Structures are given as structure tokens and as C-alpha cells.
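Notes for the one structure printed next.
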């Protein structure tokens, strides 16, 4: 875990810092003399050898960092310092801390919607396999799965907001304020993004759940459950689904982790200032410290979710528990 | 036993251990499964040695270790006098011409993407042998010999029934006229009527080509049908070896007694005459086997000595070896019927046990 | 049997004639439509058992014995299979029952144990909880009471250190122990019929002997009627009162156990007996049935065994190839499905058996 994080930071840092463009030049301004460039480079800490740059970066994470302390007005970056965005004149940590809750709410809400519809739909489809309920669900799922999210998003904005005017325009500030400041505004803004994220994922989970349940239907212990005289509903939920839950949990964990890195398209369409928007901005502006920080945080989420999924395995499957 | 040099297969002091790894971030070896722990056996030319035992006895590991499909931890395996435990994969190739294997599951042992012709001709191609009249001709002759229609040369395994697939496996095994075939539960996945066909086929092939078999099985009736000599294994150790006749009529080891008496006989009258010994409990863990005699935890004869001292496999009569401190020399009611009992003389050199089975229950 | 053709769905026992045996399977057929064609798994099977007796259904794989058992239990998916016939348990017809009524019978009146106890227990639930669930689906008792009953039953079936083992997961037990747990679960609601589908096939011989002993003692104690499905004629000789031999989805011979082993008449039964290697005899050569069992998609038109039978030419007019023989009584309590004349069958049987008994012991 710790080793993995170390490797990740190393890879991210060197990958982006070895790219063939010069951050010092980008922040240098229009009238850039070689002297000014050199001064700038020193200010950004780019005059150090790469290895020392990395060490300074890592030290910054734990103890904070002061850029060019020998210069007047040194820039202070507090621990945990993931770098300093000279383009935005802000600590990367601050930028991420502002964007992360937005993404968190987006992911959380979307997840609740999609896992509910996905699993329930999957169970219904499995129970009614071959009948019209199954066919309808599978067809809808196929549509949801094959439709690009920007298309669904634009469609929703066009009809729900512009044509029918059921909802007001999304408000970035309401989202940043969180659900407790102005719940009505918050939900009005988030409901469409949640739907967009949920439609795509629910479609996948309907199919996954259906297949898992149908697969465990063939297991001997499901036959035992029926032989006990359990009602079909109990057989499906408590015995068949319970046994097929592991792959669903795995997929859900990874999907959440992936979304925490930023639902780029959804956030862009609804102008939500989350991790996705942040990384798009960082990339288009060559804001290297910000890119490094965003990718590192996204990576941490993926590693952490993997760990959580592994722990959940032990909880779900007693055979995995040690001892 | 006969002269050592004449044996087709000679195994001595064979040990095959598997490491047990802990789970978690840093897997460590925390123990060893002693699947096979010091086994001696020999198979003579044209002879079948039946190796019986329950699951976990290590019999399958012996079969695999003999052909170096699993590398033994220590000990010696000689095929026609040649020591093969230390040979590299490449040096093993000529050995594989002399020794083949037949597997239990005819569904998994054949590659579903290869035709029957391809499967049976593989040994020729691997060993770069060109039989007289060409490979295809030789394969079709083989197919006919094992009871397959030679016209099915280009069919795939899934088009055949279980019994026919086992015939394919047998044809592949005998293709190069090996001296030894190791059969790992070759009939246990088959229905009785098919099982009998396969047993007859194996026996006919033995007579025709002079093949020796190491026949591993859990079914004592099947082993009795095909074997000349029988070896009984328990938890990685050899318990008893004897000729078929002696093992089934005058077994000495308490484990052999209980095994024989556990098998139901398809004859209600005989079944009622038998006294049956019911073993209690299950096989102990091979990671942490009992001290002394490994069978003592379930043995009705066990005494203090059994927990302390490992009984050596000693020859109590010519060709009859047993590893037990308190063998049962009395005529086993569990096996034979009343009217034959008097024909059997007690075996010399075997002490009469102090007490009989304490858990003999009528069937 | 005046009520054999009673309308399907009549479930009240009041109008039934009391002469119907405890369990009566009447003309049961199960067919599965597949892409390759119609699989005729069970084809007109009729069976009866008196209360407290053990009926063994013997057959090789594909004979339809397991499907018969599952059909009695109502475990065949009615949506994917075509079923006909009737199953009467103590005056109640089961095939036409609506699902909730059937569920009320499963696990309480009829219980079942299966071949592989590892895969038959749910790997994620503690064994005690799995049995408690079986209690509470049929009876409204407190969890505490159910747990007490569970512990008592587990102790009865010979689980050592029950108080500790009751909270184990299936993978923590050995194969024999798992099958004991399955038996405890089957018995927990005092069923009147126990269907054991190859209960010892996956177990070692010494454990097999323990489990068969347990089933026999439980049958004595609880007065349960048992249907034992097996391919092992040795196990049958051990425990069964009556035997039905199945082949190609049909019952081909039915007799008391003694009669079946001493005077079998159907050539298939004879073939089975000559195919088995014997533990108590030394035989030079087995005399197996030639060929392979028929495909259930394409069963022979006449007798299902005719293609493998050595004696069909002794019946005139190719009758075995063209006409399906009926299961008829040859002597009281002994039914045979064969076109051969009874005298001819007995003659064949006697000569085969004399060869068999010629083996050295």
C-alpha cells in the first residue's frame, strides 16, 4: 500500500516533469529574457537536479514547502503540499480541496441512484428471465449502455431545463456550498448530473446483476435453498444474489474510485467545478503542479478503493478470511 | 520382491512436500503438506500394482511424482533402472517414451481444440518418431485397437462420450508402446457398464504389449479386478502391500481391514454375513500429521506405543509388507464368509493382537 | 386404483381411496426442450413406496433417476420443462400444486440431501444459521429455540463439539461432516419422506459407510420413508427394501432387493451385475454391457435397451426394435419391462448368475 503510493508518486512526478515543455517559460510572461527565465526557474525550484526536485516534492507533502526562500516574497505552501500552481497562484491542495467535495457529492449521489436501479433491475430481470420484463429491462439497459454520456446530458439539459423548465440552471456555488447550506438548490442542480452518471452505470449493473444471479441459480446451494421450502424471493436475494455479490462489489468499488478522479464529461456539461473540470483546466493550461496533484489524488482513490474492496471480500466471503 | 534390476518402476523413500503459504501482503511459507512421506514401491514387467487410498492419502501425488509431473522433494524413482529424479526436462523426453499416463477426467485431459487424430498422434510428433506406414495409419490402427471407429479421426473430443474419451486417452498413452503406464483413477468418472469395458481393455492391452501399470484408485473392487499386487496408502505413508490374493483375504493392517469392510458388496446375503468395522472421524491434516503411526487417531488397535514410534514397513511373509505395531492376524470376518475361514492359515511371524476390534458392528 | 386418472389439481385427500400407497408416482414424464431437440429425461415412470420403507432407484448417468427425484420434490423449473403425470404423497397430489403450497411441503414433508455436500451448503453462511433458516421458514419458533433444536440435531447426526461447530462455515468442515450437516438440515422439520440423491458418491469409502449407517439409524428412529438414488449396487444391497432399475428414462425392472439380486430378469440388470468388479470375488474378466447408453434426445423406438441387448434376436418379429415393452409383473412384487418370454428370461438369468458366482472368493 505505502510502496504502491510511493511508486505512484514517482511515476506521476517524473512522467509530467520530463515532458518536453518548460513550466518556467510558461510563467515567464511576454517579455522574457534569459535572465528572467533563469530567475523564474530558480523560483519554481526547477534549477535543481530532477531527483532533488522529487525529494523537495515529497518533503513538501509531509512538512510543507517554501519556494525560493532566498528570494524576496517567497511562496509558502503548507503541508500537505502537493505543489503550487503558479498559473493560478494557489496551492494545489487548496484547489483540490475546493473541487473534491463537488465530485464527492456527484459520485455519491450518482452511485446511490445507479446501484439501486442496477441491482433491483438486475434481480427483476433474472426473476422474470425470458419474459417481457426481462426483455424490456435488457433493451433499456443496452440503450443506456451504448449512449454517450454527453449525449444524455445534453438531451436532459435541453428538455428538462430549457424546454420544460422543470429545473433551474445548475448553480456551481450551491454545489460548492454542499447539501446543507441550501438543500433545495443543491438537489435541483445535482439531480440531472446524477441521472447522467447513473444511467450509464445502472445499465451496466443491471446486466451484471442479472448474469450473476442467473449464474448462481445453477449452483447446488440454491437448489438446497429451494429444497428447504424457502420462497423464491428469499432464494434469489438471500442465497443467489448474496453469492454473486462479490463481482458487483468489485465493479462498484472501481467505478467509484474512477469517478472520484473526476467525471470529466458530466462535470463539463453541467459546469460543475469538480475534479474533472479541474484536471481539464490544468491540462489545457499546462499547469504541471496541478496535473501532478490531481493525478496523484485520483490514484490515491483508486488504490484506497482497491484496499476497501479487498477488505469487503473478507467481509463478504468467509473463505477469504484468514484463519 | 524380485531382483531390483528387473523392475520396470522402482520407487524408494519418495517424499513430495508442498509448501503452505500464508495469505496477506507478504506471503510466507508457514508449513508443508507432506503429501507423500517416504514411500517405497516397485512394479515388475507386465505387472499391475494397484495403489489404493482415500482422498488425501497421497496416492495421486505418488502417480504424478513418478512421472516427474510434480518434482519429488527427495527419494529415488527408477524407470527400467534409470534414475530420473534429477533429469532435466529435456533429458526426461526419452523417459516419457517409456512411461505414459492416463488421467481420471476424460473431459479435461483432452484438448478440446484438437482432433482425435491430432491428440493420439501427438506422442509420435513430440518424440519425432515416424511409424511404419505413416502416423495416420498408426493412429487409426490404435483407434481400432482401443475400440474407436478409425473414421472418427477428424472429430473433436466433445463429440464423444465419457467412455470413448477415456479410450482416446488410452490410445494416446499406448501409442509409443510404453513399458509403464501410470493410471490415475482412470475409471472413477465412468458409469459401471463403461467402467467394465475400460478395465477389460486395459487388461487386454497389458497382455498384448506387456505393459506394466501403476493403477491408482480409491475403489477397492476395481483394484482387485485389475491388480496383481496391491499397496494401501494412508496420509502419505504406505500401510500395507501384498499380492492381491493375500491382501483381500488375509489383510494385516487395521486400516486395510476397515477399508475392506467399508465397501458394500452388491449381494444382500453376503452383505448380511459380514461384520463391519466403522472407522470414526476423518483423515487428519497432512500439514500436521499425528506423531508415530499416522493412522493411530482412527485406529481401533492403537496403544501408547503407536503415538511414539513410527511403525516401519516390514516384510512379514514373502511379498507381504505391513507397517503396524499390532497387526490383526485373525481371519477377518469383515471380508470373507464363514465357510472359507478355515482354509486360511494364520500368517507366521505375526504376533496375535492383544485385543480384537473394539468397534465391530454387525452389518 | 380407481383414481389413477383423477383430474390434475385435485389436492384434497378426502375423496381419495385409502389404498393408494404412501408415495405414488404415476406416469411421470419430464421433457426439456433444447436447441438440439427434446430431451426425454423421464418417460412414463411409475413408482410406489410404503411408509417407512426404503426404495432405491438405481441407474447410470442419464438414466433419469435424479430428474425423477427432483420432480417428486418439485424442483424442476416448470417454465423450462414439460412435465406430466402425478405425484401423490399421502393422499395429496403434488404436481398440480400452486408454488406456495409446494414450498410449504418442501423441507417439511419432503426433504432432500444431495451428492456433493460442499457445493450444496451455501459457502457464505454459518451451518447453524442455514439450519435455523430451514426451521423458521416452516415453523414460527424463536431464534433461540431454533438454535437449540439445531444444536440438538447436529449432535444427533454425530457432529463433535457441536457448540463450537454450529458457528462454523461449511469450508471449515470435512466432507463427511458436511454431509452430516445436510442430513441434520433435512431432518430438522421431521419430514416424512427423505430423498437422498447419491448421498455418498462424493465421499471416501470409510466415510460412506459412516453416512449410510447414520441414514439407516435415523430412518429407524424417525420412521422416515427414504428414496435412495444411486448408481452403486453395493450401497443398494446394504439398505434398500425395494429397488427400481432405471435406464433411458424408464423403469426397466422393479423388485424387492433380495429378488433383484437373486433373480434379476431384465437383461440390463444382468448386464449391470456382471459389469461390477467385486470386492468379495476374484474374476478373470468382467462381462460388460457393450456400447453406450442412448442419447435422451433420440431414444430407440422400441425397447430403450435393445441396441445393447444380447438377447433381442430371441424375440420374434423384431418386436424389441419396433414396440415399446410395458412394465409387467412377472411374479408378484416383481415387474420387468422386457419382450422376452418369462421362462426365457429366467433361463438367461440363471446362466449369467452361475457364471458370476463362479468367481473365486
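Order of writing sets the chain letters: A, B and C. Residues in each chain are counted from 1.
FYI, a contact is a pair of C-beta atoms (placed from the backbone, for glycine too) under 8 Å apart; a residue touches a chain by one contact, two chains touch by 3 or more.
As the structure is a prediction and not an experimental result, all values here were calculated from the model.
Engineer: Which chain's mean C-alpha position is the greatest distance from chain B's?
Structural biologist: A
Engineer: Once every inter-chain C-beta contact is counted, which two chains account for the most?
Structural biologist: B-C
Engineer: Can you compute the centre-to-centre distance for chain A and chain C, using the mean CA position of each chain? Integer Å is fine.
Structural biologist: It comes to 56 Å between the two C-alpha centres.
Engineer: Hey, how far is the Cα centre of chain B from the one of chain C, in Å?
Structural biologist: Chain B and chain C have C-alpha centres separated by 32 Å.
Engineer: Under the touch definition given earlier, write down the residues of chain A that touch chain C in their complex.
Structural biologist: Going through chain A, the ones touching chain C are 130, 219-221, 223-232, 234, 239, 242-243, 316-319.
Engineer: What part of chain C is in contact with chain B in the complex they form?
Structural biologist: For chain C paired with chain B, touching residues are 60-61, 174-177, 204-210, 212-213, 231-238, 257-258, 261-262, 271-280, 282-283, 285-290, 292-293, 361.
Engineer: Looking at the complex, which residues from chain C come into contact with chain A?
Structural biologist: Against chain A, chain C makes touches at 73, 75, 79, 99-100, 103-108, 111-112, 114, 116, 119-124, 133-134, 137-138, 169, 171, 182, 185.
Engineer: If we count contacts the way the header does, which residues on chain B are in touch with chain C in the complex?
Structural biologist: 54-55, 161, 163-164, 191-197, 199-200, 203, 218-222, 224-226, 244-245, 248-249, 258-271, 276, 278-280, 282-283, 335-337, 340, 361, 363
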